[in-house]
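I've put the structures underneath this note.
In what follows, chain A forms one complex with chain B and a second complex with chain C.
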Partner chain A sequence: MFSKILVANRGEIAVRVMRTAREMGIATVAVYSEADREALHVLTADEAVLLGESDPASSYLNIDKIVQAAKDTGAQAIHPGYGFLAENPVFAKRITEEGLVFIGPPADVMANLGDKTTARTIMARSDVPIIPGMTASEADPDRLAVAAGTLGYPVLVKAAAGGGGKGMRIVWSEDELADAIAMAASEALAAFGDGSIYLEKYLDRPRHVEFQILADRYGNVVHLFERECSVQRRHQKIIEETPSPALTVDLRQRMAAAAVAAAKAAGYVNAGTVEFLLDRTGAFYFLEVNTRLQVEHPITEMTTGLDLVKHQIEIAAGEPLPFTQEQVFRRGHAIECRIYAEDPEANFMPSPGKILLFRPAEGPGIRYDHGIYRGFDVPVNYDPILGKLIVWAEDRTSACARMIRALQESVLLGVKTPVEFLLDIISSEPFRAGDIHTRFIEEHFAQWKPDTSTDDVAALGFVLNDLAGVRPALASQADIGTAEQQSPWQRLGALDLLG
Partner chain B sequence: MNYRLKIGQDVVTLEVGRLDETRSCQVTTGGESRSVTVKAVSPDQMHLTVDRQCFNLFLSPAEDGTWVWFNGKARFVQDADSIPRRKGRGLDDAPGEVTPPTPATVMRVLVEVGNEVTKGQALVVVSAMKMELTLSAPYSGTVAAVNTEVGAKVSPGEILVEIDRAAEGTDDE
Partner chain C sequence: MEVIESRIDTGSDEYKANFAAMEQMVADLKAELKKAREDRSEKARKRNAELGKLTVQERLDKLLDRNTPWLEIAPLAAKGMYDGKVHGAGTRAGIGIVQGREVFVHANDPMIKGGTVYPMGVKKTLRCQTICMENNLPMIMLVDSGGAYLPLQSEIFPDVDDGGRIFYNQAIISKMNIPQLTAVMGLCTAGGAYIPAMSDHVVHVTGTGAIFLGGPPLVRAATGEEVTAEDLGGARVHCQESGVSDYFAEDDEHAIQIIRDVMSLLPRQEKATIPTRAPSEPLYDPQEIWGIVPRSISTPYDVREVIARIADGSEFLEFKAMYGPTLVCGWAYIHGYQVGILGNNGVLFSDSSLKATQFISLCDRQGIPLLFLQNINGYIIGREYERRGITKDGHKMVHAVSTATVPKFTVIIGASFGAGNYGMCGRGYSPRFLWMWPNAQIGVMGGEQAASVLISVKNDQLAREGQPPLPAELVAGIRQPIIDSALKEGNAYYSTANLWDDGIVDPARTRDVLGLAISVSLGAPLAGRNQGHGTFRM
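Up next, the complex of A and B:
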């Protein structure tokens, strides 16, 4: 086992990895940029190495500097967290070449799975269902009509050179096809200078369901059940839960088998996630493999009782998996809400700034993984994730209730966060019913505004704070000293004169 | 004592009586009068009893106002009569100016002094927390000044591009 590891990341995930390392008796090395001199991960580690300027290229994406930091501190292995270099096969390869250990899958496996076409081919060979579609573009309307018939309507007309939804058309029946092809082709030509198109099966409001995989170097692969991650904004997950309300025992078994088959087909080692789209008929299709620890991994930890980072480190150290599939159990229901520094009222605009107050909720079944503290300045240079609030309870209804309490009690002031938005989603009828899909927010919360009906309580707080001198709310910081020397009665007298 | 408080776009008016020995007072809002008792649990936490209902609030003073947390709702509360009216501070005070909505880094500057621009034309691209935002011309006119450069760290209220407004009638406002 390693005696020291370097964590090549920042924020909540770096802190989370260091916690497990400490419990395993492994010393930790943090790396950081100028902007993160006082970041929580730096304060948490046993040693910290400054990488350089705040821009990611000079710091968290700089392979040379990170490798050097590992060598200088004598770290034997590097945990990449998620994001930054976590899915960069060049980084993984370099670490191995330098005689260090990358805590993640082998570089070649990562490279194969990172390439969409290669990944699709690997999965198709192993009978893992992939989204049906044409493999090459086609201009002849007759051949396109035949292809559409084979795929089955609805189909999606897509631009080969595409991106951003341009040149994309949903076709519900054969009589709409010719028009859609013509329009998509001309739109694609205008947008990309290339009018070639192809067809793919269209999935109407699918769910995003993924399976957690653990694989050791000796060919043992287990799954740790699914995570439902359908509630997304701008294609980014914001609420995740397990179990998925959509899976029957039979469907779960088939999807898990496909996920294990996918991991085996790819020669996967370490922790990974096989993502699927699940349509309304119960058909599921391979989306991609995430070759890293996922942001939402804690809900799997809460329901299986397993520490995924511990198993990542043990697998990287060459140890076999200490349990078989039959020994993996799951209990209760877990939900995670991502807490970003962003404004849900302004199209989720980033909201960097100073954390003025942070007081995470307490009580049974609550876990808050975060990278902040009161007084910390959230830098503008990186991803806006502040933390993740995770709850566990015996069933979904209780977990929703617990999440509502945890969100209400987790005080976070100074930057905008989506807490109120998340509260409204979890309290909503369609969420309670488990009727969620990847277009859930567009469908139900596109016009969301905060409910202001209790704003008079906030007003009351301001006034009483001002009157009772809990803290002189209107005084500037420089005046606080003098204000505290007066008794509240003196101040009150002065206020009464004004009133 | 009367308070006029600004919360978001709304203004709340409260009439507050004298705080007595039990730290209670009468508060009138919307024509309704209620008895309120306050207890400071810590410098950040306040417990209010309104008639018989209990509320735990968390407060944090900031420049120009106070953040108040109540049951998962964060509200920025300002004394409506003493909100500073500094020119060019924040979005509300500077409508129609080319300023970033959040602290950001300048990625691209798309215009130069003397350029004719039309309303809605992209002027500057900034990046904040991995998200790119395009700042566009609030009205048509001529670029009078470019006050930033690629790589600059900029904040709300900083006018990045100044535009001499074109003669009236050319805008479609």
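Up next, the complex of A and C:
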């Protein structure tokens, strides 16, 4: 086992990885940029190395500097977290070449799965279902009709040269096809100077369901069940849960088998996630493999009781999986809400700033993975994720209720967060019914505005409290010390004034 | 106490523009301070290293307790004077902690002109000694100086506030029972020889430290005798034969260790007691001051916004809030120490002067230190006000400021013009410390006013001679140079170069600087408060 690892990331995920490392008796090295001098991950690590300026290219994306930091500190392995270099095969390859260990899959596996066409080919070979579609464009309406029949309706008519939705049509049945093709072709011709068309299977309001995989170097592959991540805005997940309210026992078994098959087909090692789209009929299609620890991994940890980071490190150190599929169980229901520094009223624009007050929720079944503290300045330079609020409860209804309590109990002032937005989603009827899909927010919350009806009451309450509150007329006796006892010379620490 | 409610909109364009302007000024200041500390010739660095000497910074680092504050005094003295290279007037000086105790440290920098003393160097040393005397601060001197800078000797030597005064002060400081410790870490030539001689404790570094009334070149010139510095005044000579030095040190590090040992043996001194409470941070971030101070010195702003970012908990009990509103007076705590604050919100009228007089008198009677936040264009003028006796009321304020015995502190946060400088405790009124903000301006009057006065006087003269007034194009030609010169001589750097203040401070750091200074001021006992008159209601 390693005695020291470097975490090539920042924020909550770096802190989360370091916590497990500490539990395993492994020393940790943080890397940081100028903007992150006082970041929590730097304070959490045993050692910290400054990479450089705040722009990612000079810091968290700089392979040379990170490798050098690992060598300088004597770290034997590098955990990439998620984002930044986590899915960069060049980074993984370089680490291996330098005689260090990359805590993640082998570089070539990562490269194959990163290429959409290669990944599709690998999966098709192993009978993992992929979204059906034509492999070449076509102009002849008759041949297109045949192709549509093969794909099965509804189909999506797309301009081959297209983009931005121009020339795109959804066709629900055969008799609509000819008109749709003609219109799409003329539109495409006008817009792109090319009227060729191709068809793809259209998925109506699909769900995003993914399976967590763990694979060791010795060909053992297990899945740790699914996560449902359908609630997204602008293709970004914001609420995840497990189990998925849509899966039956049978469907779960089939999807899990496909996920394991996908991992085996790719020669996968370490923790990974196989993503599927699940349509209304129960058909599911391979989307991609995420070759890293997912942001939403804690919900799997909550329901399976397993520490994914621990297993990542053990696998990277060459140890075999300590359990078989039959020994993996899960219990209860877990939900995660991502807390970003962003303004839900201004199109989720990042809202960096100083954390003025932070009081995370506490109590049964609550886990708050975060990378902030009171007084911390959230830098503008990076992804504005502050943390993830995760709850566990015995069933979905209780988990929703617990998440509402946790969101209400948490106080985070100084930057804007989507907490009210999340509360409204989780309290909404369709969410409670489990009727979620990837277009859920566009469908139900496109015009969302925060409820301001109680703002006046809150202001009034503040004024009343201020008026009625106790005002100490005199400092209490205990407050009166001698000047010597409380001299700022003793309290202020190393401070070079006028210097 | 009441909490000051800020009316600043930190999202406004005005705030952002002010903030950016002050950010630039503070960055410039930091750059100047860095330059003053680090701009040394390669030759001087090499020579220092060859002699086995530590740099001044290393000496300070080893002398001061680790992880304690350092409050530097006049780091930009002599800035822009001489050849522009006599940084800090050739010395590093400031207040720090040695063996848990507040001390003054004064160190020559041999890498600046061989540590020779320039006229501003004398002025700075005298200022340092004044701080020691006013606040009962032990003085540690790290001496390494080639003596007076001879080409300018006439400006250094004979007058009441020239070189001789340093040794006079040392005798007085000794009489006041304030410890003086000197480490001889280089040359102490001629007058400089008296610095160790007049001290209570003298540590002498062998090989580099030398004390003599006449150095080898002078001895050669006068008697033809060839001697080395070590043979003439080295550590062995003075520790073994002459008895000039008390402790023999192998090197700089050893000397500093001995100084620290001696400090640990000095008797503890009781501090004066003033009302205190547990310290707390202001509710508003002190850095917001950057966005509050307007870019133009003539734009008014509410001094309460500054107080809200200096005072503990932003709490402030205002005295006579509705009377004489152009001067804000009231009580607050800074780092746990109670203070009486006077801050300008406009020119001084008769009523604001009377309010100040009563408030200063109250603080003096109650033993509360006074803090003056100067942003003042002067006292009100004009026919009506002269008839109502503005001079008489201004007098009362100036009198009260002059005679108050509690510690006084002044920060010039904007303008410091005319008699306003006097009434608001300018340098002439012996505040224990006086600092400027980078935006501050100081002068008899603003450049615009000075230009108008001079032109008006000229026109009066022409009228008496029966000539027409100055034509407009001539007026412009006269006006601009006067404004330019007022700007140059009125800015904070000119002031600090001339030692009219103790340094330029980042507004966001004002609160910490004040807290440390108040603590230092309590080293001296408060004068008896029950003498003379009571407080008159004005």
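In this text, the second predicted complex is superposed on the first by the 429 of 499 C-alpha atoms of A that agree within 3 Å, B and C clash if a C-alpha of one lies under 4 Å from a C-alpha of the other, contacts with A are read in each partner's own complex, and residues count from 1 in each chain.
Going forward, a contact is a pair of C-beta atoms (placed from the backbone, for glycine too) under 8 Å apart; a residue touches a chain by one contact, two chains touch by 3 or more.
All values reported here derive from a predicted model rather than from experimental measurement.
Undergrad: Touching A:Ala182, do we find chain B (first), chain C (second), both, or neither?
TA: A:Ala182 contacts neither chain B nor chain C.
Undergrad: Between chain B (first) and chain C (second), which does A:Ala341 come into contact with in this model arrangement: first, second, both, or neither?
TA: A:Ala341 sits against chain B, while chain C stays out of touch.
Undergrad: Identify the partner contact of A:Ile63: answer first if only chain B is touched, second if only chain C is, both if each is, neither if none is.
TA: neither
Undergrad: Kindly classify A:Ala283 by the partners it touches after superposition: chain B alone (first), chain C alone (second), both, or neither?
TA: neither
Undergrad: List the residues of chain A that touch chain B in one complex and chain C in the other.
TA: Overlap of chain B and chain C footprints on chain A: residues 488, 492, 495-496, 498-499.
Undergrad: Considering only the defined contacts, which chain C positions touch chain A in the complex?
TA: Against chain A, the touching part of chain C is residues 33, 37, 66-73, 75, 94, 97, 102, 271-279, 285, 335-337, 503-505, 509, 512-513, 515-516, 519, 522.
Undergrad: Applying the document's contact rule, which stretches of chain A touch chain B when the two form their complex?
TA: 341-342, 346, 349-353, 356-357, 359, 380-384, 404, 407-414, 416-417, 419-420, 423, 450-452, 454-468, 470-474, 488, 492, 495-496, 498-499
Undergrad: In the complex, go through chain A and note every residue touching chain C.
TA: 354, 475, 479-484, 486-499
Undergrad: Within the complex, which stretch of chain B touches chain A?
TA: Residues in contact with chain A: 1-3, 5, 7-8, 10, 12, 14, 16, 18-19, 23, 25, 27, 29-30, 36, 38, 40, 43-44, 46, 48, 50, 55, 57-62, 66-75, 77, 79, 82, 101-105, 128-131, 133, 153.
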